[in-house]
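What follows is a pair of complexes built around subunit A, which joins subunit B in one and subunit C in the other.
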Partner chain A sequence: MADTPRRKWVGKSIRRLEDPKLLAGEARYIDDVHESGMLHAAVLRSPYAHARIKRIDTSRAKALPGVVAVVTGKEAAVLAGPVPAFCAEPVVQHAIAIEKVRFAGEAVAAVAAVDRYVAEDAIDLIEVEWEPLAVVSDVESALRPGGPLVHENLGTNLVFGRTLTFGDVKGDFARADRVVRRRLRWPRVAAVPLETAGAVAKYERTSRRMTVWANTNMYHYSAMPFAGTLKVDPNKFSIVPVAVGGSFGSKHLLSKVITIAGILSKASGRPVKFMEDRIDNLAASDSHASDRSYGAELAVTADGRFLSLRIDVVDDYGAYFQFGQTSHGNYLSQVTGPYTIGSVEITLKAVLTNKCQQMVYRGAGSEVNNWVLEALVDTAARQLGMSPVDVRRKNLIRPEQFPYKIPTGNYYDSGNYAGVLDLALRMVDLDRWRQEQARLRAAGRYIGIGLATCQQRSVYSATEFWFWYEKPGFPVTATPEGVTVRIGQSGQFTVSLNSPFWGNSPETVVAQVLAEEFGIDPSTVSVLYEDSLRALPAAGPGGSRLTVMLAGAVTGASRKLKDKIFRIAAHLLEASPQDLVLADGKVSVAGVPQRGLTLADIAANAHFFKMSLPAELETGLDASHTYDHPFTTPPSADRSDLGAFYPIVAHAAHVPVVEIDIDTGLVKFLDYVAVHDCGTMMNPAALDGQIAGGIAQGIGTALYEEFVYDSEGQLRTASLLDYLLPTAAEVPSIRIGHQETPSPYTPYGLKGSGEGGRMVAPAAVANAVQDALAPLGVEVSELPITPDRIVRWVREAQARR
Partner chain B sequence: MKPPAFRYVDPRSVADAVGHLQEHGGGAKILAGGQSLLPLMNLRLVRPQVVVDINRISALAYIRETDGVLALGGLSRLHAVVGSDAVTRRAPLLAEAAAHVGHLAIRHRGTIGGNLAHADPASEIPAALLALEGEVVATGPRGARTIAVADLFRGPLSTALDPTELLTEVRVPITPPGCGSVFLEVSRRAGDFALAGIGVLLQRDGEQCARVRIGVCGVGGTPLRMREAERILERSGVTEDTLRAAARAVEHAVAPSDDTQASADYRRHVAGVLTVRALRQAWQRAGREGR
Partner chain C sequence: MARRARGTNVREIEMKVNGIAYHETVEPRRLLVDFLRDQLGLTGTHIGCEHGVCGACTVLVDGQSVRACLMLAVQADGAEVTTVEGLARDGKLHPLQEAFWEHHALQCGFCTPGMLLTAYELLQTNRKPEPDAIRDAIAGNLCRCTGYQNIVTAIQAAAQAGGRA
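For the complex of A and B:
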């Protein structure tokens, strides 16, 4: 990069356009949606993890005053088919269970009543006769031959298994001087947004239209299948986005929430709202995340070079498989991290058990692989007697090696990883902390300095949804984002988004891009959100794509608009379009600024004065643009090369410093430095917020959160008293640094950054605890690192000595 | 998470409140701060026919000092307890323990009477009051009676209070000069219930330990007084050896159980760790107090 282009708005920490309405309570969330005559739903949930429904009697519930509709699974099946799923296997799921339940919390019946109180009273009156079945409580019991099956039609609980090999893994392991091995356990956690999932469905019987308001996301992909599920013509089925109070990946589909609201609206003939309460959300959100056991091996040379990586992973998916093994496709984009590792092999076993099923959660599986890789790297350093810094430096991809193709076939666009590492170490002052660590250790105190250097892939291509399959069910290859930009009669800009507001900054992003492109004040841009019937193709927020994709869409629409603006201006100014320049909201003849027209002048002509326009131009001044993925290629048929599918790759180094009280097992942060390189920054303040929030969630995964199921498949952490989200008191103040290495493939050189904090924090925090406890002989192999576990590990290590 | 229908009354006097309790017996629940009752009602784990809201009985919110005793009205908010000059000076252990209850918002609503009557075995206030040898006044149809805090707790969420009684006052002997007190706990997050907590009141006479009282929470079905540990210290003073012996005695005396936050083993171990730390700190504080 010779010179950094001068930009006025991209890269500036302008105030977010979204914030005032959020802070003033003017944003419309799903629970703010009220339709005339609207009913409220509640769901009867299974007390058993695995049981047959022998008999169900809803007559007392139906007789309760205020109850309008009660539906069992059998009754619901008349109104709706199975809910949408994106796996290739016949793992059929209904919004309300029909013959048997497969996890504790699965819906058994649903009620629509005049209010939620009456609806819950009615739930109490439904009688079910159960035949409890043997419970598949973990992957060991799931894979035991002859054991109970979650889905009998599959004939096995191993819903998917495959080994993918990239490069000469055997040869590289044979050449290695040493193989570093770890067995690691990543806990079942979830995004747990403060706003639960919800939907309002309104079915109009005469027109057979259904309108659904929901805090979901991917309606470009899901609206058509939802219409099929609810037996409504696709052109009469509309999903209307609302402001979302946090998703972090958990609300991509909401297949059951939407379907239950739709079924009840059909059954009652009235609009119906179904809001998950906290128990619904924790126990039955269909959005638990990775629950993995690993055997991982890193082949290294005696002088510390990494040759090859072998990963054996078993993932406990719960009772259904709605998104297939997507979260294992995700990390194949960056499985070898920022290191020059020549080959890699992954063996995946995806297992069904009697638990809530998985969705994706900020990181989408890549945060898990980052932890596995960084644990291996630190172990390699210890075994080789090298420092964690030196062993990384030796293996980091160098700036001149980009674009860099990793063994799986994905590309890394650009980077300067050593630069990020240097800045992080400078900011934290590593040498001082190492001295302090030694001094305090002599006094019986345990300080740990963690280091993780991780990739944060961004801008996914939809091929990641299916390339694990030899025969994918629906090999989608479009990952678009469309926008419409309208310049109104007075020259004001209005943008229509085709994806919802999910807590990130889409309005701010489009305003900054338009300000950059047209020289206007970004605070004057107005942003609307389209429903699914009006929307252009768009995949929405997810996979850290939206900032990059919206920038592509808005710059594309801007090009079209500028072309028309210049043609109108050239006509009015009697100049050639090539001689015109656009700056500060004005078009003028280059070098003759007084010979010009404001955008308002041009817009007025475009809208009102057809006879002033060149004859071939239409009235109006608007443009739509659908930006497709900037760099994606198909996977090879044999999957030895997955193609480019996540090639816009940011990077980060985190260095937390912790002190551990080994008698109580409590972990205290003394410092936390995070340096990110997300290419060109769109809005540094908003980026800092993304990083800090992601780190908070990463600390949750590392130290606090876990869904605990007992041997009967009962969820023992079904409230926020038991499922421990970190609060402001548990999250330290985070010092953030930035480096900017632009991407060659995206507008302005942007890279995605939405998941970065959580991509790195679990690995960094675990390595910090590991560093503190290493002198005691403790190996951190399991998250979350609870006080109980630390005390136990220390005792076990002392007993071994 | 909505409660079933219930009747709601909001009496303006203790007599009226007791009248409602008498009328409905076990079917009534007293609403004070509501920080435990309302979640239980919303989960439909508790289904009162009548909710007796005592928040309008303003005569029950007081903190005053009389005849060597600190008296706190049952409706005293925990926030007021933490911030009370009288409590901070006359029974600092209670103020210190109260600061560990939940978060600020919870302490603004939660009351000392409600905290005790709810009898959560992991709650901090009961352990502190055991160490302080406090008592409560229960007012029922036949008038008021006094119950030692040591006799109040029968089991998890179970007390010696009759369903027709209202906990109207908490009485705490004023901590004499020469005492040091400490409340320590380990919890997963700030504001969570204690995995193990300990309240210590220690009276020092030079290098002798004249009197020590220890209450623990989170390590049994009720808060527990640690009498064996007290005897060890009163007999042999505070040394590294007696601290260790006291910790062993506490580990032996507690009866914790497993849950998803921590194992019984961990809670037992940490009760011992906290014993040493709390006693050492109380000893130091008492020394400063004595000078």
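For the complex of A and C:
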């Protein structure tokens, strides 16, 4: 393991550079963007989950004073093609439905008017004649032969199916003393950031140029496909980032929102703002998340060693397949968890139904697999008569086994998993809680102590998007992040980012890295966000990558800058560059600090005094660097080995302690300990914030949140009164501990950590509830664990006895 | 107070917002939050749900916190309104804002204006609130980023620093 050098700024909890403008109400979010002449959009949404549009009449809407444009799907299709998609299947999706609608809430027409009030008035004046069709309301009805089809051209609702096998699964199962089996159901939830998605599109008809402001993410990548959709030359189409009021994966593309704003701007010739309202966001976003049914099996020996894992998963994708199997590629990076499991087999069935489409939500499918695996592990412990702690200890990968290659081909870089577990158990004082549990159980109270020990893969590589396919359409392998660092005439630093602020801390990260590299005060760094036409290649936040990737990009740019700085200083000081040192914003001859120059001196020379520079150097002091994924290897053609694609792997152990009132079904937290090892920490306070926020979301998934559709495909939880986000009354305070095992592959040994809390919390909370209710004979096989469900499970278990 | 302007379905209203007097014309149906954001350009007040659940739109009307998405602008005719833009003075953050910064009580910042004003109201009536009282007070304000603990800590710290002003 690398030694830990003394660092001044990396690892320090400095206050965030992002915060003052956010605190003062000065940040510019998408709904704060105003262009002169700007119109406001509203969308007519389908009341049916599956229906043909027989006739649509917009004449009364068009006649309303203040309405500038009304477009139906047919009219929109002249102005724009299908929305961008990452899948290879021909699942065509238009931002505004053309002949039929495929989920309740799908856009049918859009209006641009002088304000949102008038636009919504106009929506009420559009008349549609519908022919309702039989609804594909769930996976069973989707797979029934001869049933209705969501996309007729596919000839089936099974949009993708494949089995991938890694290692000797058959042999390992044959060797096993026991096979632990669970059937598990993970609910459809979504990120539901507090800010909905929105876009302002401005199309200039004569120059055929389009500018889009949007709270999207990977705008450097997505600009080109959006230009294609909106039929604008790629070099005349630009996306401008704005501050984003939370995403958690849900705002990666915003295909419908951006396209609708673009269509209306083309139709009206004016800038148009389209903001989802909350109902739009809950019912018709890009990004409901995994909706999965599992059959899972763990092959074990009598003494508790895990041999092999077999997972059968059916995922209800809803009406479109925009992101393909991304959320199933994701967990293959860590499918066997922190355990030495020799082989694994996954069978995936991706099914289309008449529901809102899927994308990703913090964890991107890996949080689901963590829950499945940890449920199997606890079940194995119960069946073998071992404690959850002992069975894990027996199977955890040991520190000397790193880098560790898992059966799928991905690598884990480094770790000390037993160390994390020990610290978590110490912090929570497990023995005391076990005694307390026994004592209170005698008094008729139900305490549960949950344990989950989970991986958090970080720094994704683009191969996860396509390796499920035998013949991928677009096997992209670049996952870059670029920055430009400028040292201005007075020696002050400005950084241009090519990714948006999403609620994470990109400005603080680059400032800390520059402070570390140049010895400057991080609070003096100024940060800009470039639009997509000016941007360097960048994949943006996602897959817990941004801190690591920005550190790679900024250290790369710093190297180039230092090289120039040293050459200028050597020239001016008449010294050799090798004899110079840079410290505290000053370059001096080693051992002779008085023979030195400040960065301001050097910058002034670089900008103003060409004749003071070595002849071969250009005027100015700036450097760009595009850092790409540090460790990716290609998947094998037969996909028996997926290569390294997510090799920077953090780890965490969570131990929640809950009490359950079996009469009301209420779950109360008595304690919650979370220990994370995210490699070298950049900013511990910001890291703790990510962990705590992720845990709050994980508690939401475990206990409260669910999109419920009825048999007619109607969404029953389409407001925040019905889709329950955890409040300050439900989320406990979390006690967080850290261990730091640096990654050998990244700058400073950093690992990503943005998803960590939500990666682990659903598994840990479910195991805690399971632990509390086990004496009653209850099996927790389904989330969310609502009060209703607890009461029902207890009643059913009692009836069985 | 609201006068109906002649011949049109609009009203004239007067309002003091962050100490500045305004005399404006609005449609009766215009929400207070839209009036503040679109008509006065005070975009620090945010819209998270428009159905009264999230608290992002919280402002103070005559010292009382209200959800500006559930109130019409005409209902605030004659009122004194405080929005997040009214908390900092001459570029100097309010003690509550300082405490939020110090204790990392915000990530994306979208809930923050509503949280700050809810906390401001709490500290007017309860100078030294316990964590449970703080959690009660902010339970109507959703935050999807922080997990709340740091917000509770920040409000307590601001109270201890005498952050009522």
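The rule we apply is simple: the second predicted complex is superposed on the first by the 798 of 801 C-alpha atoms of A that agree within 3 Å, B and C clash if a C-alpha of one lies under 4 Å from a C-alpha of the other, contacts with A are read in each partner's own complex, and residues count from 1 in each chain.
What we mean here is this: a contact is a pair of C-beta atoms (placed from the backbone, for glycine too) under 8 Å apart; a residue touches a chain by one contact, two chains touch by 3 or more.
In this text, all values refer to a predicted model and were calculated from it rather than measured experimentally.
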{"item": "Subunit B versus subunit C as contact partner of A:Ala729, first or second or both or neither", "value": "both"}
{"item": "Larger contact residue set on subunit A - subunit B or subunit C", "value": "C"}
{"item": "Touching partner for A:Asp277 - first (subunit B), second (subunit C), both, neither", "value": "both"}
{"item": "First (subunit B), second (subunit C), both or neither touched by A:Thr786", "value": "first"}
{"item": "Contacts of A:Thr664 with subunit B and subunit C, given as first, second, both or neither", "value": "first"}
{"item": "First (subunit B), second (subunit C), both or neither touched by A:Met681", "value": "neither"}
{"item": "Which of subunit B and subunit C A:Glu195 touches, first, second, both or neither", "value": "second"}
{"item": "First, second, both or neither for A:Thr717, with subunit B first and subunit C second", "value": "first"}
{"item": "Contacts of A:Val708 with subunit B and subunit C, given as first, second, both or neither", "value": "first"}
{"item": "Subunit B versus subunit C as contact partner of A:Asp124, first or second or both or neither", "value": "first"}
{"item": "Set of subunit A residues, in rising order, touched by both subunit B and subunit C", "value": "116-117, 277-278, 721, 727, 729"}
{"item": "Residues of subunit A defined as touching subunit B within the complex", "value": "116-117, 120-121, 124, 277-279, 663-666, 704, 706, 708, 716-717, 721-722, 724, 726-727, 729-730, 786-788, 791-792"}
{"item": "Subunit A contact footprint on subunit C (complex, rising order)", "value": "27, 29-30, 34, 37-38, 42-51, 53-54, 56, 83-85, 87-88, 93, 97, 100-102, 104, 106-113, 116, 131, 134-136, 138-152"}
{"item": "Subunit C partner contacts - residues on subunit A that touch it in the complex", "value": "13, 15-16, 18-20, 22-29, 31-32, 115-117, 191-196, 243-246, 248, 277-278, 502-504, 685-686, 688-690, 692-697, 719-721, 725, 727-729, 731, 733-734, 757"}
{"item": "Parts of subunit B lying in touch with subunit A, wherever the complex brings them together", "value": "1-5, 43-44, 186, 188-192, 195, 259-263, 265-266, 269-270, 273-274"}
